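Two complexes, one shared chain (chain A), two partners (chain B, chain C).
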Partner chain A sequence: MATASPPVPGRPARVRRPAQDVAGLGIGRAVGFLAPALLLIGAFLVFPAIWTIYIGITNYRLTGVEAVSPSIVGLANYTRALNDALFHNALWLTLLFVLGSAIIGQNILGFALAWTMRRARPAVRRTVEALVLLAWILPSTVVAYLWIAFFDRDTGTLNSILGTQGTAWLIDYPMVCLVLFNTWRGTAFSMMLYSSALQAVPPSQLESARMVGASGWQTLRDIVFPHIRGHVLTNTLLISLWTANDFSPFLLTKGGPNHESETVPVYIYNVALQGGELGYSSAISFLLLIANLLVALLYLRLLRRRS
Partner chain B sequence: MRRIPPLVRLAVLGSAASVLLTGCLGSSDSGSGDQDANRNADATKVELVIGSNAVKGGKNSAGAEFTESVLIPKFVEAQKAKGVDVTVKFQGDGSDDEVYKQKLALGLSNKTGPDLINVDGIWVGEFAQAGYLKPLTDTVGDAAKVDGWDGWKQIPDSVQQLGMFDGKRYGVPGGTDGRVLYFNKKLFAQAGLPADWQPKSWDDITAAGQALKKLPGVTPIQINAGTAMGEATSMQGVLPLLVGTGATINTDGKWLGNTSQIRQVLDFYKSIYGSGLGDPVLQREAKGRDKSFALFAANKIGILLEGDYFWRSVVEPKAGVAKMADRDTAVGYALIPANKAGGGVKGQDFVSMSGGGAVAINPNTKFPQQAWELLQFMNSAEMVKAGLNGAAKITQRTDVNTEVLAGDPMLNFVASKVLPLTQYRPGLAEYPRISAALQQATADVIGGKPTDAAAKGYQTAVEAAAGGKDKVTSN
Partner chain C sequence: MTPAYVVRRIGFYTVICAITLFFAVPMLWIASAPFDASPGLGVRWPDWTLENFRKTLSHPYALHSMVNSLLICVTTAVAVTAFAALASYALSRVRIPGRDALLYGLLLLSSVVTGTAAMVPIFVMMFQLGLIDSRFGVALVMTGGLLPAAIFILKDFVDAVPKSYEESARVFGASTLQILRDVVLPVARPGLATIMVWAFVNAWGNFLVPFLLIRSIEKQPGAVLLQTFTDEGGSANLAVIPVFSLLFSIPVVVLYLLVNSRYGFRFHGGIKS
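On to the complex of A and B.
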């Protein structure tokens, strides 16, 4: 989202304050440097976004008559979304997903790992970090396959461990499975961010706290947390955005059974390709885009207030 | 300089772009229709791609194997004799039909995709309406050439419908199929049921299910339901049951909405999945259908409603995806009964549903004439027979069928007993959306919703798909 920023040197305008041209490039060369990036952003970000808005006001479909001659339906897609029980369901599930796996799961697990590994022996720390990182960098399809095998009803690892043969975890508790999965999958980022944030906490203060006999919780609350508050904010907002837009739930459950794990991105996919309703799905995509922008805006605002 | 607020800038940019874009969607279809059908007709170097949802060692393995190692070399050889250097590639797929369809539609909408395309008969309508497929006579350019092909005489009219829309031929059908109730004779013997079981009503099915329920670890009945299986739920579930209530999904141009027949079908689902006769979890799993195959092959499902595909490609002892070495002795098959004697469509005692695919020519092909030649070649009696490779299947050609079906009692049963009483799905563009609504209704019922609520939801979905209340029957 564009925010108030110093005038871009590349803007074809008279440069009234030469002091702004600190790099001494001059307009021509500055434009030359910016053009590739702007073109890429234009082609792959701005254009698709506008295209989405446009399709969102039509009844365009993947097949059938409306694929050849779609007509403009105005805001009908948006009013439909407001009354669409399945869309409400998707919003609610996305909220649960973000709350469970990002705001609570990844945040707390990531911090706990960073905090406990801080004093661990380097060998232990490196092993743990490598394992957590591995969960993060493996390709989604591979990971999804592993988790399906883990949760499988007939020969799943989880059922073998717990001795609960025949429990179809992904069918009976789809959202719980997804929250667990995504917590496992994404904790690495929070862990790394908090690891480096914790280094900003002055050891002398921790030492003093220990001297006066502060409990672990008191130390965390009164010494550590004030130092890393900004990091917590950054981390929470970033992982919330990623999680809200995450498509990997599709790989595990396809949104099923019967829409019980259909988060918004999965719903958009199912509406667009399974149902062929490209117009309606574009309208929902646009709503998701707006929601993302609002969160990003909130984030920028909070950051600015802090600094 | 006066600064323009960023939001205003964005808005100006956006509206300018929207103006530019308006009218771009979908209007690009005119191109292919105006193309010269004789383009590259005399080329000596030709490249063609055959696309199909079949892959060696996976889905429809035998078909992929045949295309790659017999059909293509033979065609290349035949063309070489004419001095044409042809390269034919096979673009296999091994995914769910819905996913394959999405891939095709996305490719065709961007004017790409294989030159010859295997499609399900029920997609022809919506693809044709979207301009993704054109009548064969348009693509080939010469009506006499297409209609004069001697193969048409061998293909029964009902089967030809699979490749037709609005009275025009869009592709050459690849045979048809029929649905029956398969049962495991070993389990039937243990439960004290006859090996030549033939239920005469839905109650007979549930009665057999009650007997099978006493066997430990056995799911008595599995009838496809839910959205995860896609069209399989409609073809091997709702529709055969629906014709068993005397109704068809589309009568005189009106779609069947929330009616007593739909509710009867949903009640039957409830009676099976709500009482432990069937396993509702299996119907909700993403890979539920494949699992039902594996469980049947492992003697863990008593009765399963499936098409002859199940016999040919699933429990087939040598190349099936869930092989049963003792298929011929262990697997029984029976006609699907109407809900009660004489209660089926046209007053029939027994019912079935049939479908099948067709091969169409991509209107954007570079070589329409050569594609038509390949299409004829693959549907010649010689190639259709070669494609069976000793196995039996109900092919599109009557001449081949009379020769091969006698060798396989099950397929002979389908050809002689099932096909005379079967029904086809309506070749209307709205059908796939109506079908999705049926699938959703069954998903609701096996998920625990009351029948009435599921039927009401179905009515709403059908009205949206059909385009108005007046196009839907309800009572």
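On to the complex of A and C.
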């Protein structure tokens, strides 16, 4: 169950035609075609999501008496979350993570790459894009090792470059490391999205901006941005949602040291599987689901308005 | 060539170089460490040897975990492709009552119910079903998670297939199943191949689901096993980790290049976990 990406904005608007059953399938067989997929989605996606609500109002635990016979505790888990300093810490760190690596990092670097690569030589363009894409497609466990090696205290590449041997980046500055890591990891998506969005900017307008002597910044602000505003919004929502749900911080820091990089997904895991508190972690999962739902609804609304 | 222009060009290439280095430098380790006689976490010109490969291949679980990964990912990819193909064809061609609401719901599901948000109920559910420590269980969970997005991407492909093909086949008296097998299936092949690779790559890189659901080391796929390589002293086993990382990345990169060269990179949702 990955963060499976929904279809992406920027593709040509689909022509809405009434569906024609040209092969003569018939509604009965069509429903039969749908059934296996819907059964699997129902069992392994919809049911767990709904079940979270129920587990979230019990004191269900991984071990002990409550594992055998959990009892309903009402909203106790939610009131506990309100006063849980570690949960507040996780929310705050997730906010920093999303703000730093998605909203600022991936967005700006992705746009900068799309904008500059537009006019670069094909060889340069292909090389840079291949590297950025490679960072995106490598398996996350492998990427985690690349960055653990990069940040290593004794022989890490970063310390060799900066001449700061002995700095344990992942322990001293865990959130900075995570933001850098996730910017590196996810920029490809924004780069590709902005590349295709920039193709919709009429070249004639860019040309006239150049003729009247507009600076690069003015061109971006007055010509390019109005054309891609919708893409910026939808892209930001999507990468924020993915980043907030990203489990890879666990691979780099396990949430440590001392909860300093424990984002919400890592916190859920630690509470549920390390602490064994399935009820409480379900309540937090439900809050995450609600947040996801709100972002996704907003995203689809914006998408619909644009087309 | 005014001086201002030259300065701008130099600035431009400096920025490009900096960005390229930012993306390239962390990857150097996986290119050098596997071939180094005394591999560490640093990047240096290797003392060429293939000894690490021998050590990795003779590791008791390394190859085994690749087989586990293959097993899980092939099952997932085939199931996702088959079920998504059937569903997307039905959704594209037949006006099933409530179709638009269903499509909207699928689109929401694909981004709302993420692995991290659903890990607790999925763990509890699989625990109660007795599917903990089952590779098949892992494949089932991954299939359920990937299907909504897969149906969407494939429906776009099917929508783009001209209906006239099916119409003319029907005029010539082909049965429904013949049309599906001999007309629709071949035309939709690029879409099916893309979705299969997409599902495979997603499942291959997925760490969370097997990490939650699989207990015994001989059933772990590569993504999880890679986290557990330690030497006798308990510290990271640096003879095995770089080589295994390299070998484990190859299928993903090869499949990606294959789809890219055969069908061109189509930008729908992206091949990403």
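Methods note: the second predicted complex is superposed on the first by the 269 of 307 C-alpha atoms of A that agree within 3 Å, B and C clash if a C-alpha of one lies under 4 Å from a C-alpha of the other, contacts with A are read in each partner's own complex, and residues count from 1 in each chain.
Operating definition for what follows: a residue touches a chain if its C-beta (ideal position, glycine included) is under 8 Å from a C-beta of that chain, and two chains touch if they have at least 3 such contacts.
Only a predicted model underlies this, so the values are computations on that prediction, with no experimental measurement involved.
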*Broader residue contact with chain A after superposition on the shared chain, chain B or chain C*: C
*asked:* In the overlaid three-chain picture, which partner chain does A:Met211 touch, first (chain B) or second (chain C), both, or neither?
replied: neither
*First (chain B), second (chain C), both or neither: which does A:Ser285 touch?*
second
*Touching A:Ala123, do we find chain B (first), chain C (second), both, or neither?*
neither
*Would you check which partner chain A:Val46 touches, where first means chain B only, second means chain C only, and both and neither mean what they say?*
both
*Identify the partner contact of A:Leu273: answer first if only chain B is touched, second if only chain C is, both if each is, neither if none is.*
both
*asked:* So in the superposed three-chain picture, is A:Ser69 touching just chain B, just chain C, both, or none of them (first/second/both/neither)?
replied: first
_Output check: A:Thr58 vs chain B and chain C. Expected answer is one of first, second, both, neither. What do you get?_
first
*Can you list the residues of chain A that meet both chain B and chain C?*
2-4, 7, 14, 46-47, 51, 55, 60, 154, 273
_Residue ranges of chain C in contact with chain A within the complex_ = 12, 15-16, 19-20, 22-30, 33, 40-43, 79, 83-84, 86-87, 89-97, 99, 104, 106-125, 140-153, 156, 159, 163, 166-167, 169-170, 176, 179-180, 183-184, 201-209, 212, 222-224, 226-227, 241-242, 245, 248-249, 252-253, 256, 267-273
*Going by the contact rule at the top, pick out the chain B residues touching chain A in the complex.*
1, 3, 6-7, 9-10, 13-14, 17-18, 21-22, 25-27, 29, 98, 102, 105-106, 109, 123, 126-127, 129-132, 226-228, 281, 284-286, 291, 429, 433, 436, 443-444, 447
*Residue ranges of chain A touching chain C (in the complex, touch as defined)*: 1-8, 10-11, 14, 18-27, 29-31, 33-34, 36-38, 40-41, 43-49, 51-52, 55, 60, 109, 112-113, 116, 120, 124, 127-128, 131-142, 145-150, 152, 154-157, 160-161, 184, 188-189, 192-193, 196, 238, 241, 245-248, 251, 264-265, 268-269, 272-273, 278, 281-282, 285, 288-289, 292-293, 296-297, 299-300
*Interface residues, chain A side, partner chain B - complex*: 2-4, 7, 13-14, 16, 46-47, 50-51, 53-55, 58, 60-70, 72, 153-154, 168, 170-172, 253-254, 256-258, 273-276
